[in-house]
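First up is the structure itself, then whatever we jot down about it.
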Amino acid sequence: MNLFLIFISAAVVNNFVLSYFLGICPFVGVSRKVSSAVSMGLAVIFVMAISSVFTWLIYHLILVPFNMEILEYVSFILVIASLVQLVEMFIRKVSKPLYDTLGIYLPLITTNCAILGLALFSVLREYNFIESLVFGLGAGAGFTLALVIMAGIREELDMAPVPKYFQGAAITMIVAGALALAFMGFAGLISI
Amino acid sequence: MSIPSPASSKGKSKLKEPENLLILASSPHLHTTTSTQSIMWQVVLALSPAATMAIYYFRWPAVVIILTSVIAAVLTEAVINRLKGETLTITDGSAVITGLLLALTLPPTFSIGGTILGAVVAIGIGKQLFGGLGYNIFNPALLGRAFLQASFPIGMTTWSTPATLAGSAVDGVSTATPLGLYKFEHALTGYADLFVGNVGGSLGETSALAILIGGLYLLIRRFADWRIPVSYLGGVVIIGGIFWAFAPNQFPDPVFHLLSGGLILGAFFMATDMVTSPITHLATWIYGIGMALILVIIRLFGGLPEGVMYSILLMNAVTPLLNRYTRPKIFGEVQS
Amino acid sequence: MAKKQISIWQEIVKGLWRENPVLATLLGLCPTLAVTNTAVNGLAMGLATSFVLLSSSLFISSLRNFIPHQVRIASYIVIIATFVTVADRFLAGFFPAISQSLGPYVPLIVVNCLILGRQEAFSSKNKISRSLLDGIGMGLGFSLVLIALGMVRELLGSGSIFGITLLGEWFEPWMVMILPPGAFLTLGFFIAIANWINDRRATA
Amino acid sequence: MTQHTSGSGKMVLVLTLITALSGAILAAWDSYTAPKITYHREQALLVAISQVLPAHDSTRTVVLNGQTFYEAFAGDSLVGVGFQALGNGFQGQIRMMLGMTPDLETITGLEILEQVETPGLGTKIAHDPSQRSDPEWFTKQFNGLLPSPELTVIKNATPTHSNEIQAITGATISSQAVVRILNQQIESARQAFRTGSEVVHG
Amino acid sequence: MNTATFSRGVHPHEYKELTSHKPIEKLPAPESVFIPLQQHIGKPCEPLVAKGDTVTTGQKIGDAEGLVTAPVHASISGVVKSIGHFPHPLGGRVEMIHIQNGSTGASSDSEILLDRPSDWEKASPEELIRVVREAGIVGMGGAGFPAHVKLNPPPDKPIDAFILNGCECEPYLTADHRMMVENTDEILLGMAIICKILGKCKGYIGIEKNKSDAIQRMQERVEALHYEFAVVPLEVKYPQGAEKMLVQSVLKRKVPAGGLPLDVGVVVHNVGTTLAIHDAIINGKPVTQRVVTVTGDGLRDPKNILAPVGAPFQDLLTYCGETMSETKQVFMGGPMMGLAQYDLSVPLVKTTSGIVSLHQEPVGAIRQMPCIQCGNCVSACPMNLIPTRLARYTQNQRYTELVDWGVFNCIECGSCAFVCPSSIPLVQWIRVGKNKARQGQKSAS
């Protein structure tokens, strides 16, 4: 049950995008079309899941035993960057269609703060290995949910007479604000 | 100009003929007599029983809130029309509905300043920033209310006891809503009181009877899609009923779910807002059941006693996706 | 590149408006939204980011001929992460209250696209002095927007600015402004206003 | 990529150098800041302990059954016991320092160390700006309460019993969460403190 | 009565009472007729006469090579005054043969008949089809598709049913109704001929319930004459007469998207077409005249008229008491699909089922509002399309999505625009969209 709560909390209650403001750049940048949003979301879920596992291992098996917590940020970001690189190479090798749908989004993910944020929150909340993994999956699912909903809305708004100065990024922020208001309805789901 | 606009070509094509001026328009040349404007004003009419009950139960404060909200909504619309340099759209009645519905979702003791803010947000951000009538993604009245709920969490959850025929005006004695009582004190309220509305709550939500009168009018005139109240309320009965069947001591029964809070008002007047609800029939069913699921989860497990507003806003958000992925099978199309 | 060098002044000023990281290029949005619920937080985040930006620009621009192309991103990341750690520990050591309220958003400067973006686009190609000016301008532009956002949100959400109560008892704060929706809405309006000003300037 | 194979040695070298440099800088910086950070952390704890416990002139930390207690002494006599209580609030974890008399029957003080409740609502458990005269009225209510039987929350009324506290308007859930966490942890603290075998830390 | 129908569709007010009881009258011969060389889908005809030639009623005056085309015939006897481009009721100027009534010797009663088999029951289908072609018979339900092509389906598409389209679902129109009441036996014989041409196939007669006298009469005559045809009463609903809907209503068969009734073994013909086939095979008469309803709130005396092809609209309207003093709108066909006219010198063509003249200001155009996503158009569309999306995609030049959402399945029936409370000219947008999407597809390939 606890794992379930971690998942729900990361996915909807404390949605990474809408209440932690993590991964806003891709949220704004890759939400123009539903199809790319779905691919990006899948890529993020995948990277989040494996990077939460690896950063957990690095932190608890190397940094803590050797008292090198000061290297937390340097090592996390290196691990994430190289993981993304490896995954990209791997996908390119095994499946061309998969690469075309997911691969092109992978480089974008390296500099996505949601991935690093995930690792940092895991450490901060003292999650164990399994909890970290579930947290990663939940956060990825939440990111995807927000991204795909946003893309659906933006495809619609592309055809709406949005006032001139609000077209583009501004209305995207307003929609995100409205979504964040709506997601506040889930507040407190985890407290009981 | 790559696309000729029908409106402009219509204007231009009034050719002068020796014997007469004949209007050239594209077929069909017959139209239904129901106009968007008349629909909107009839929705206002349909809301009048609920508004009347609000005034009966909560007296002057209700009058003040309703008037403030409607006037603020209409003025905001007018000002934005001006800023955008368009013709005034306030006579189409949609801003009046938004203002009226916002008012009906506010607590009787809510401040005038807060009411104005809510109406400005509803029309300004909720409707006009998205492109005006027909283009908004979220229900404007509910977006305004959600803004107020997040801004003034205490003011938005302070309720007063309704007045009755016997009782005098509202005396500011604060009370709790049936859902609040249930959630925080695990106390149930009688069905009769719930049905006629003799309970604490937002202005227009307390009397199921008054709302049903207007709501049925909307359904009969086909201004609201019957699938929405049927799927939403039906979903709540079924989903809420499942929880109740498993743990009747822990969870309230479906009738209580139906009659308490803003469910009936939301199901008949807000979820049915055509602009923000889906257009395909399959999507409409999913929309209704989705709202029901979110509502029951929030009511039973969330931090808030009530979830109607959030359930509708959240399903508004996925409506573009629903519409997109439920394209009906075209006549004669084979399932692939 | 025989392109005419723009003046020192312009190098700094471009970050304030024309190439403002938040309003024009939409970089570094996460901290912009996350920590601007008060003006102080905006200021602290702006300074921390500027510090990282400046020191890594300095470093990278001096090493620019030395770092092979293939490993440049990895090298930048390491350098940036180093300075972020420095800034984070500094705040924790000397301003524990601010450090606590910024939470994990300081370490997240590591992945702030603004910083990596400037290294990639500017420091790796320009002299140390130019890179410094660029960093100052960008850092300033970023900080100013963060402070402005923080001020608006704090004023409406708490009735104060930099902790000083400005709006009296009559004002009931709009709590939403210091919550996530307020962040998105305020930034949306900021971007729209920037569009409007640009439009006015273009037509003027 | 292949034409640069001769450079791959250089690549590794440069990256290694940069990482080493980074390590060196950070090691130096760590040795400079780490004591300060530790100091702040301990200071915060000490302040909290001293605030929740009656006047004392020395403290010591003991671990009983894996649970940490801070004992306060005035002279030689044990005047109070402090311990941390942790649990889920409305949005996330609430961490508190609770002070009690040595018999663990009466509360002597409560401090909220960490919480991530909603600003303006749940955060009032720690600091309520709307009560300008006494922003910490919520935690102060706990002084002198007798959590036997359990602490209970009441709404919209003034408490009349010595185990009751008043909920914060609009933040009933956070108020209830505080009380729920305290009830649970007082119970386990009593178990540990009364039966546990002692490990003393300085 | 359990009546058959299709799903969705609309119920516009009928206005049929203006003419439904009025027997068909013959128009006095007009002074001139203008016979368009194109009155059908397919290749236009070449003129077979020249200016100054004398022609006789029934004389073939235009024809073309090719399968999908149909000849045209002189509808009155007289002199060819000119061959030139004149306004056509479908829009634009089209090559027409202008014939002035009987100024030279030939008697006005004389008529040229078709060369045809003496006993149709013994004739081969090929022979009958040739007569149908020579008679210039095209779909008189409005589409104008050459009948001989429809009657000669490819061998891999066996036909087992013929439906007589007696729906006449458009408001105002009563021409088919009157023909069914007055020419019942001829129509039934026409059906028998069609069924023979098509081979083993059963005949169905689909009539909307609002024409109960026609249903009754058809029923009686079918029994009296021992035909094996089924009379199928249909619910009154627009566009019941659209062939895909009709096939669904009568036979419960779904014509595949992008397909034709013959894909499900069905041929559909309009009442007028069937009568014309009878006239050609039995009497040797080519299409030189047709029954047309001339009606509207502006006419003193609305009528069903048998009029020669090529007669100007003006003449027909004047005959029915139109003064033009307050006329706001005239269209060819019914109000749902008809085409608005601005020049009343246009001639009656083979596909003109009605001419409607209105004095009321048409509602709608003035009070156009934004789409409120009410979904009325979705509930109305018989093809199960999402008209509001199609319009919005067109407005935003999203032609890929437009095609994905099935714009080419739209039959332009107008049900969507009829029900739209915001008076959005949906059909017009859809037509624009179809054109643009087609251009895009062409330029892509």
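Every chain is named by a letter (A, B, C, D and E) in the order it is written, and numbering of its residues begins at 1.
Rule of thumb we're sticking to: a contact is a pair of C-beta atoms (placed from the backbone, for glycine too) under 8 Å apart; a residue touches a chain by one contact, two chains touch by 3 or more.
Quantities reported herein were computed from a predicted structural model and do not represent experimental measurements.
Chemist: When you check each chain against chain A and chain C, which touch both of them?
Modeler: Common contact partners of chain A and chain C, which must touch each of the two, are B, D.
Chemist: Looking at every pair of chains, which two share the most C-beta contact pairs?
Modeler: Comparing chain pairs, contacts are most numerous for B-E.
Chemist: If we define chain centres by averaging CA atoms, which chain lands farthest from chain E? Would you check?
Modeler: D
Chemist: Report, in whole Å, the distance between the mean C-alpha point of chain D and the mean C-alpha point of chain E.
Modeler: Computed value for the inter-centroid distance: 85 Å.
Chemist: Please report how many Å separate the Cα centroid of chain B from that of chain D, as a whole number.
Modeler: Distance between chain centres: 45 Å.
Chemist: I'd like the Å distance between the centres of chain C and chain D, where a centre is the mean of that chain's Cα atoms.
Modeler: A distance of 33 Å separates the two centres.
Chemist: Just the number, please: Cα centre separation of chain A and chain D in whole Å.
Modeler: Centre separation, chain A to chain D: 30 Å.
Chemist: What are the residues of chain B that contact at least two other chains?
Modeler: Answer for chain B, listing residues that touch two or more other chains: 125, 132, 135, 147, 150, 153, 303.
Chemist: Scan chain A for residues touching two or more other chains and write them down.
Modeler: Within chain A, the residues that touch at least two other chains are 70-71, 74, 163, 166, 171, 174, 178, 181, 184, 187-188, 191.
Chemist: Using the touch definition from the top, which residues of chain D touch two or more other chains?
Modeler: In chain D, 19, 22, 26, 29-30, 34, 90, 118, 120-121, 173 touch at least two other chains.
Chemist: I'd like to see which chains touch which, written out pair by pair.
Modeler: A-B, A-C, A-D, A-E, B-C, B-D, B-E, C-D
Chemist: Quick one: which bits of chain C touch chain A in the complex? Just the residue numbers, please.
Modeler: 26-27, 29-31, 33-34, 73-74, 77-78, 81-82, 84-85, 88-89, 104, 107-108, 110-113, 116, 176, 179-185, 187-189, 191-193, 195-196, 199
Chemist: Help me check something: in the complex, which residues belonging to chain D touch chain B?
Modeler: Against chain B, chain D makes touches at 90, 118, 120-121, 155-156, 169-170, 172-173.
Chemist: If you look only at chain B, which of its residues touch chain C in the complex?
Modeler: 111, 113-114, 117, 125, 147, 150-153, 155
Chemist: Which part of chain A faces chain E closely enough to touch in the complex?
Modeler: 158-159
Chemist: What residues on chain C touch chain D, complex-wise?
Modeler: Those residues of chain C that touch chain D are 37, 63, 66-68, 70-71, 74-75, 78-79, 81-82, 85-86, 89-90, 92-94, 96, 157-158, 173, 175, 178-179.
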